[in-house]
Each structure stands twice: as C-alpha cells, then as structure tokens.
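Here come two complexes built around chain A, the first alongside chain B, the second alongside chain C.
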Partner chain A sequence: MTAQERQIGRVLRSTTAGYTVGCRELTAEQSRPMPEFGQLVKAQMLNGDTIYGLIYCVTIEDDAFVRQLVAAGVEEAEFIEDQRQRRQVPVVVDVLTVGYGRGDAMIHRLPPQPPRTLDPIFACDGAEFVRFTAEPDWLRIVLAAQDAPVDQLIVAALRAAAEARPADQRQPYKVAAGRELARLLSLDIARLDGILRQLR
Partner chain B sequence: MTENLTDDQAWEEMTSATEERAAAKAAAERAERLGVISGGSLSKGLDVKLDRDTDIEKLAVGRYVVAHGRRARFFCMITDIALDSTNPLIAKQPPDMSDPLLAEIHRGTTTFGAVHLSPLLLMEESSDEVKPIKTVPEHFTPVATASQAEVSQVFGEEGAQKVGGKAIHNFHIGAPLDMENVKVTLNLERLVERSSGVFGKSGTGKTFLSRLLLAGVIRDSVAVNLIFDMHNEYGWAGTSEELGGQVKGLKQIFPGKVSIFTLDDESSRRRGSNPDYVVNIGYDQIVPEDLEMLTGILNLSEPQIGAMYALHRNFKEQWLNNLLNEEWIKAQRGTNPDTQKEITGLRAVAEETGQPLNVLAALQRRFERMRNYSFLKPKVLDNSVDRIMRYLDAGTNIVLEFGRYGNDLGAYIFVANFLTRRIHERYVEKKELSFGREGQEPRHLVITIEEAHKFLDPAVAKNTIFGAIARELRKYNVTLFIVDQRPSGIDSEVMSQIGTRVTMLLDNPEDIKAVLSGVSGGDALREVLARLDTKEQALILGHAVPMPVVVQTRRYDPDFYRAMGLRSAEELGARLDENRAAMRPPKDFAGFD
Partner chain C sequence: MCENLFDDVGGGLTLELNKVTMHLDEIGRIMAERHNKAQQRSAQARALLSEHAEVTEELERKIARAREVDEWRRGAIPRGRRLDETAAAPRPPDRYTLIAADGSQIYPDRHAAASYFLLNTGAIVFRGGTGQAPTIYSEPEVFYADEELYDENHEIHGADYVSAQRNRREIEALADRAEEERAALGGDVSVPIICVLDGPLLPWMRPNPEDPQAIDAEIAFFVQQLERMRRAGAIPIGYVDKPGSANVLRILELIDTPIEQITRERLREGGFIGLADRMLFGELPPAHRTGLFEPNSNTNDRYQYRSGGDRITFAYANMARDAGPGNAAIARLEAPGWVVQDPAKLDIALAALYANCEPVRYPYVLARAHELAVVTQAEKADLESMLAQTMLRNGIMPEISFKAANKLLTAHRR
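And then the complex of A and B:
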C-alpha cells in the first residue's frame, strides 16, 4: 500500500495539541483506510518531522440534502448510497497529537508546530505503531488531554498497539503498559482499575 | 600478516578483564538484589521497597543484606517485613487478582513488599576494616543479600589468625538464617574475655550450644574451663532428645584435655563416665560465708546467720562438726548466769556463744539436711580445691558432675559457691603475685554455671562470689559462662556486665527485656528474638561478635567431632598402618654397607 493509499483525509484546522481532519466518506472505497477510534495517524511536516496523533473522535455531520431525504421519506437504496458516497460536508475526524518523529527518534512531546491546513493525513502501519509505542511516555500526554474520552482512548490505543505486535509479545506489552498506567494513576485507583479491566 | 591482523581484530573484539569483572559484578548484584532504600533513619532503621521480582515469601527476619552505597557498603539486618501500597485505597478496593494480567500489573507497582533494616556496620570500599555505623546510605541505594565474602569480612574468617600481634581464634558457630552455606564466626578470645551467657527457655538447646562453644574454647586452648555440670551433660556423654540417643561429651572429644570430677562416684560410674577424681568436702572446711548463699533454700533467718558466725568465732573450723555432733553437744557443760545452775547440751552452747537457744536448735534442724550429702564428710584427707587448682594450672579442663545431686539445687549452689570462692581467691593471689614479681600469670579460667539466676538473683548477687566475678570483669583472669532459662531473674547490674549474650528462643517478655537490656537497637531485635525457631536458632550479641547475629547453630554431630580433632579408632589404625608401610625397607634392601 503506497503512502497515497494510506491517506485518510486532509487537515481542516489544527492546534499544537491536536487537529481536525476532513474525510470524504466513512465507508471504504476499495482499499482506502477508514478512520478508527484509537488509530495512530501522521502528518508530514516540511522540515521532515512527522507529527503523530491518535484519533479520538469521528463526527458525521448532517447537511441539507440528508435532511431533505429523511424528511421526504426516501427509501430507495441508490439515493441513500449516492448520498453517502458524495457528501456535501466531510466526515470530521478529531486527532490528539501525542508526539513527533525526527529522524529515527520518536519524541513523546508536543511538536513545535501543528500541521497546516489541507496537509494530507495518513494512517500509520503496524511497524510504525510498534515503534511509536515502544516507550510508554505517550500515555502521559493522553492522560493530560482535555476534551477526549481519555480512558477509552487509552484502552483502544493500547489494544491496537498490542495487536500490532507478534502474538508472544502482546501480553508482556500489556503488562508493561499497565504498570506504567499504575504508576501514573496511583492516586486514582478506581480509574486505573477501570482501564485495566478493559485492557484484558 | 593476515593472521596477525585477525589476531588483532580478535583482541579488539575481546572484552577487557575490567569490563568482564564489572559485568560479572553487575550480574551478581542483579541476581541478589532485593530492592532499594526508600527512607528511614539511623536510629529507627531503614526502609526498603522491594523489587517486583523479589519473592517476599522467601525473605526472613534476621537475614543479612548489604546496601551498596556510593562510597561504602552498609551491612544491615532485616528486622521487619511489611506489605505496602502506593495508595491506601487499594486495600479497600482490591483489584481482581484472579486475572493474571491484572495480578501481574499490580504486583510490584501499586502493591509491593517492604522490609525494615537495622543498619549495623559500615564497610568502606578502600579497606577491609569494618566500622561502626554513623550514617545511612542515600535514597534508592540498591540493597542485596550479603555474600560469604561480606559476612567473613564482618565476622572474620574461621580459624586462627594474628591480628595486631595477638592471636585470635574465630569459631564457626553456625549460618545466618536462609544462608546455609555462609559461616558465621565468633571470636573466642573475646567470648572468654568477659563473662558470657547462654539463655533460652528449656528445650531450646541451651546445653547443646553451650557444649559447642565450650568445645571451641577447649580445642583452641583459649582458656581453661571449670564446668559445674548440674545434669551430667558435658563430661562423658549427653542425651539428645532429637536423635533419641547419646552424643559425645567433652571428655570423649578431647580425651587429653578434659578431666571428669564427680560428687557422686556411683552415679558417674553407672553412666560409664569413669571419673578422674571424687570431690569430697569436709565439715571443717566450711565457713559461714559458704552457707550464707543458701539463705533462700535452707530458709535461714537473719538471727540464724548471725548464730553461724558466732559459732564459727567460738569453735573455729570445728563449728559445723560440733553443731552436727550429738555426742559433742551432749558433753557440753555450763552454768546459767541468772540461776547459777549447771546447764548441759545445746543450752550450754547457747550460753557460751551468746545465741538464743531456739535459734541454734533451728539451725541444727536446717543443717540436718546436709547429712544426706554423701560428699560432705566430717573429715577429709585431701583438699579438693588444691586438686582442682593443680589440674587447672596444668591446662586441664574440669567437668564436675553432680550425679544424683544435680536435682538438689541446694547441693549445686553450695558446691559451686564453695569451690568457686576458693578458686577465685587463689586466682586473685596468683594474679597479684604476677603483678608484684612479674611471675607467671594464671591461665584464663572460665567457670560454667547452670541455673545461673539462682546464684545471681538481685537478693544474693551483691554478696556472692559469682556476682563479684561478673562485676570485676577480667581483672583476675576469671570469667563466668552462665547458662540460664530465666534471665529476668538475674541481677540487672550483673546482666549489664555480661559481655556476650547467646540467646535462644525466649517468650516471656520480662526475659526478653532482660537479655536485650543495654543493647542499642534492642526494640528491633525483640522482634527477631520472639520469632526464633524453637530449636537450633540463636541470637548472638555483644563482645564476641561485631554486631548482633541470628544463626542457625552448627550441628553437634560426628562432623563436629571431627572438626574438633577427634579421630575414630579405625582412622587412627589406618594412619598407623600407613606410617608402618612408609618405614618398612624396600624388598631389595640388603642393608647398609
């Protein structure tokens, strides 16, 4: 799969802590990846840095045509499919920035600049996901996020990160990440317990 | 050329010795590592947070650990083991530990083990010397189980050594808890230098341990021993509850160095111990001071003690003989100063000595009991004290068996006090002579007494010879080795002078307090002491060890006999044959020209 094929959309607006991506549709057109909750995505900067982020919210907004179709009680499958594939407003995907890559290094800090508008956003492949999650420091950034459903995001990302690893490394990875969480959340036992239970 | 090059490359690739040593050291440290220092103080001890991989169920109080600080190593002992958590709430809402993932995550992170250390000694990297501890390691210093090298550095290698021109003998006494292969030693010179004690409730193996220690003292001739063997356990053979049989006594292990004396020839012979000498004491050798100590046992009152002295004043050495001699009393004549009538018998004695009649009569009745002691004779030809002194001077250790009198506390105390008083007098004399004319100093003498609290209880300790010996320390080359099960019954002043205390299990709080009185860090040791096994474990503290130590005591078995130098008949025979073979001329030997 080429980089082009892994593109999920383009940046609508961005801040240092995160950005919003617009996608054409949610259903897969051939091999195009669909944005998923907890998925690692990246934007390429001009200086060579790669900004990594986690998808934490996917919004499908309505538009005038959708309203009309619903109001008119249209039931024909072609109309509905046509409406879904040729949308007037994009599917909005919110991404939480969790670090950036410079050269071979994965840096779990916020990048100096956010991606610019209309920068293409790509889904990361398994190998890149594994590289990014090798060190657990990104968890701290997620835990500090303001608007995102943090606990759910951590569970989804950790499960995906474990899944991206060979079978024999999944359990050790979950244990190591769980211990880091236990350290970070030692003051909030109930929350920690909630996350760990969903990690099983 | 190419070969050389590959050699060079091989050299380049080889790790240097320094690197290898460093790697080995690091690996060893990781293997033995328990955790890191997380807090504490010098006075209250150090807290250690255990590493996740440390199995808390395999730890034990009393184990030695070393904190590897930046400048020095800190030798410490585990005194408490605890469970801790980063958040106390987790105890109220326990996670689902049946799930392996959750269990593995929580273990060592939110919940973890902690141990409490009592810092004991400081070992500086640059020197072999061990120093008293004056500071603590910094935060997060790694802590590891102590190695044999470290334990040896602290306690000293087993065997004889010369330190600063003086010979010292380190005796292997046992192993630290959970460290079977590590030898803990005890400095025998220091053990006998001051009075020592073995304490523990009955059945904990006091006698075995005492015999073990005495065997060490005898083997290395550190001091000459006089053992008042109340229950006939030291001389020829001792009984073993565990093995259900007999173990060898000191005489069997050191036939040339130990002599058995007895008070009860019949009993000794029945037990096969074949005594070298039967101790007898004549009435005429007894002075009131010898009996004063029996006040409690014979139930003597103040007036009766006064009467004893009065009798002694009047009749000199014959006082006791006379008092117990019916004929003599009947033959006494006197006059009543009030009525001027003639009086006879005890009444006349009372008149002559100025003592009330009823007091003398009571005294007579009390002493009736002593007629049962067959070792007490109206007159004896030999002086037992002289005999004992001769043996001791020659360096022969004496075990005095009490035979059937061992169960009679009165007899035991009387004889021990009688002999010790006189032997001590001789020692004082000799020591003073040696000061004056630079004569030979008497050999260091260690006197072993059992049931020591009867001799050293606060009521009598002040005026008995044993109290005096314990208090005057090594001034006259005589020290005590006391074996007792009620240390709380021993006068605290005497207790404070006991240099080395070897303590088996004690559970009476009063006894524990008495043993640990005057010991720094006593509170922490109390925990250790109360948790000793009922057998073969002892806490040793004081003069002979650099720091308090809990040991699994060495076994008193054939291996021990061998270590003490005993060789079986077969072995000696084999060696003789070997020597004979070596001396035999070769077959073709035709003789000298």
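And then the complex of A and C:
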C-alpha cells in the first residue's frame, strides 16, 4: 500500500457481490472526505488478489443517546466531538464489488471469494483508480447491481475516475465512457440521457 | 396453526397476566393514596423547615443526643446556622476538567462453566471550554488465579468482595486521571479539576460480623485516593441522582421532640419516615444548592478517624433547567470536608456539573463513564463462549450446572 492509501474501516459482512464496512468516523483529509460515495476501495486477499469495490451507501448510525442530545439542542463542541470521535457508533459503508486485480491484470468480474470479516478496507489512490478504470467493463457490473443507486453511482465513479486523470485527458475519458454507456443502455434512451446530463 | 397455538401455550406464558390484572386497580388506588399522604407530609415538613430553620444550640444538643441513643440513625449535622440556607452556582469557569469513573462486573458464578470474575472500569476526562473531544478509558480485568478467586477459607469470593474491588478501582481511576491531568496542565491550578463518582463518596459495605474491620480497610483505601486528588488540586464529588436519603428530615423530626423524650423507640417511629430530603428542597431554584450538612453516620465517623479529622459533607442541588417543584431534579453532592472549607470550590464543582447536565439532565460524564464500563449480557455471553472454547482446546469439557442449563433453556421465552 502506498502512503496515499488510507484505511477507511474493516469488513463487517460480505458476499462476492459486495460487502459492508464499519468505520469509526467521517474524516476529511488532504481536502478529500472519506468515506465518499463513488470512491474506489479495495481489500487484500490472502492469495494476493485485490478486490475492488465502489462505495454506494454511507450510513451514520444513531442510538437513543444521540437522539437525546439532538432533542436537547446541544451546541457545545465537547459533547459533539465526543459523540463523533469517541462513541462506538460506527459509520456503516456499503460497497459494490466491481472486479479484482491479480498480478498486473485488472479483471472486471466478480472475485472467487469475498473479503473476510474484519479485513481492512483501503481507499485507492488516483493512480490505481486510473488503472482500474482504464477499460470500461466495470460499468456492466454496476449497471447490473440490484440494491445500489446505480445511475448516481456511475456518475459519481466516472467523475472521480476522470478527476484522477491529467486535466487534458478528463474530457476524452468522459466521452469514451459515455460511448460505452450508450452501447450498454441502447434500449433505455431516457435513462442514458439522465446519466450523460449529470456526467457533463 | 395448531402447532403455533400449542407453542404459545407450552413455551411462553408463565406470568399469567389475567391473575395479576385483578390487582391493578387496587395497586393504582394504593399508590395514589400513598402519593397524596407523602405530599401532605412533605408539605408539613417544609412548613416545619421554614418555621424552625435556625440551628439553635438546643437543636444541636438534640442531634447529639439522638446519635447517642441510636448509633445507626442516619441523621445529619448542619454546618451552617440555618437549615434553609441556599447558594447559587456561579458561571462555570472558562476552562474546567470533569473526570468521571464508573465500574461494572461479572460476579463469580459457581453454576457457570468457568470460575472467574471480571471488573471493567470506565473513565472519561472532559475538558470544558476547550472544544476538544474528551479522552476515554476502559480497563477490563479478569480474575481467575486461585489467589484472586478464593478467600482464606478457600471459598470463592462473594458479591460484596467483588463490589468492593470495583469501588476501589473507580476511586483509584479518578485519582490516576486527576494526577495525569494536573501534570498535563503543567501544574496550572487555575483550571479546576472535578472528579465525579456515581453515588456516595464513601463505599458502603454490608456489616460483616466475622470481619467488622473490613469496612475500615476500604475507607482507608478511599482516604488514600482522596488524598491523592487533594494533592493534585482536584475536587472529589460523589453525585447521587434522585437521592433517597432523609438526613435533614431526621433533623426536623427532632424539632418538636423534647430532648428528654428522645429514645430509640421514639426516633424509629419518626414523623417523616418514608419521605426523602429531595421532597423538602423541590423549590430550590435551578443551579442552586442547600447549605452544607455532614452525614451523622458510623461510616463518616470511620472516615474521620482514618483521615485524621476530616468529615464528608453534602448539599442538595437542583440540576433542572426550569424552575418549580414539578421540574426539580434534586441531586445530592458529597465532598470531603477539606473541599467545603472553601465553599467556593464546591460551587465551582456545582457550576461545572450543572453545565454538564444540560444534554441529559444528569452529568454527561457519568452517563459516558457508565457506558464505557457496563458489561452487557451479550458481551458476557461472548466472553463465556470464548472461555468455553479455550477450555475445550485444553482438553476440558465446559460444564455448567443443571440449574444454569435449565435457566438457559427457559430464559428465551417467546
């Protein structure tokens, strides 16, 4: 792992199609919030494979204590920071698996095994995001997802993937991705139009 | 359908509510009657307090006499010249540190598969006025070695012993954190450090006829820890929420009793038995406290002896936001005598605690210390499952008693 990659949390439960991660808090370091909708994350498997996934839901859990503080209108920073940083009320992150890496190859299919309970999950750096999204086949997996907000996820991930590229490559990347989406959604023009409008 | 019906009858209902419901009206009627009587009697007590608030020399003699004739009477000695004194909390200091500690335990259980007991001590250091997240601590300890688990008669330690060990860790955690905090402040004593225990400041122990001095050992330990806090410039406070104590009412009972008629029998009939002092002080304005009283108790005497003359002192305070008896949230604040020698110190502690009560009408730090300490049933079950696995790995078949096994079978009713 490089210095750019940071752990966002650990696996709570998983399937080959996706997994749920528990993290202690929302953070914003190096001007980038974590965990973030559409962010590419990864888990390292024992056989050396790397499982890649896209964050499609971030849930901040509550409990009766938090609700009581909200009802009381608490404003003091000490109480708020205690709840955010110290209490064991995790941020729950749902991840859609979109492929895996084996050696130098990026494979846009579901992996043979899911990550294990308590495996650490890391945010990918820009270079890895670029490598993973060099070919557009991962879009097919996202489009087939059942529980994720698919269209929004595609837009967020493509925008992030474009942002990870040098400035002169961003627009060509988006155009190429748009062409691939047009092919995959040729029977649903209204939906395609919605995605492309948000991608611009 | 039939199977479900059968299951409901066979596996579920052991409390036959239909046999209880016939009593509910009667329970409600008796509770209302009891409440009304308590209201009337507490009104009488308040009237007596306002008419006879002065602490006369005669009253002081009666208090001394009552203690002589009934050693176990839990009265109080007023430190001021009036019983109805009040004081307002000042604004909380710009910066203050509140430290709270709480403990919980898994008691030894001879019916369980493994012989052990567990203590978990939670603590929080809340630095008011800094905007920082507090620092939290949670220290679990498991006791399983022979010398930890068995007493000198080779019997497994009972609940009283484990509770005493838990109490020790709570007060020790406060002293540890207070010393660390003062050191972290570079010895700056302008930032008050208030250390809060949930409950009375001194430990309570069931009298043990076989070891009447056991309580002295515990009090001696508390004296040492309180002394550490004193050296760290900290203010130890025992915070009793919704106190059931009636020490001031015990004083009021003496007002109309001629001193020569003070006998143990007369005292134990007491005109205000069943009431609590908090009913006397429901009209305290928010963020105000009563005057100071010393518990006139055997435990305080033992503390005085062990501490070289100090006496624990208490006051009641209203921690509510809104005025009026219906809104009152009376708490009892206990502090060593060396704190209240300068009442301003107690008032700083009151101010800090009152500010800390805002979110949950109870000191936030105590709620969090409890949360950090508490061992839930689910956590206990997880620990015992891991213990059973480790016993299996060591070639021992974990066995619980037939009683415990049957409790498990019947505990999960539908």
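Simple rule for what comes next: the second predicted complex is superposed on the first by the 185 of 200 C-alpha atoms of A that agree within 3 Å, B and C clash if a C-alpha of one lies under 4 Å from a C-alpha of the other, contacts with A are read in each partner's own complex, and residues count from 1 in each chain.
One rule holds in what follows: a residue touches a chain if its C-beta (ideal position, glycine included) is under 8 Å from a C-beta of that chain, and two chains touch if they have at least 3 such contacts.
This structure is a prediction, so every number in the text was calculated from the model and none was measured.
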| item | value |
| --- | --- |
| Side-by-side fit of chain B and chain C on chain A, or clash | fit |
| Touching partner for A:86 - first (chain B), second (chain C), both, neither | second |
| Contacts of A:43 with chain B and chain C, given as first, second, both or neither | neither |
| Which of chain B and chain C A:193 touches, first, second, both or neither | first |
| Touching partner for A:74 - first (chain B), second (chain C), both, neither | second |
| Partner chain(s) touched by A:156 [first = chain B, second = chain C, both, neither] | neither |
| First, second, both or neither for A:178, with chain B first and chain C second | first |
| Three-chain overlay, closest Cα atoms of chain B and chain C, distance in Å | 48 |
| Contacts on chain A seen with chain B and repeated with chain C across the two complexes | none |
| Contacting residues of chain A [partner chain C, same complex] | 65, 68-69, 72, 74, 76-79, 81-82, 84-87 |
| Residue numbers on chain C that touch chain A, as the complex places them | 124, 126-128, 130-134, 136, 358-360, 364, 367-368, 371 |
| Of chain A, residues touching chain B in the complex | 171, 174-175, 178-179, 181-183, 186-187, 189-190, 192-193, 196-197, 199-200 |
| Residues of chain B defined as touching chain A within the complex | 86-87, 89-90, 93, 95-96, 99, 101-102, 104-106, 108-110 |
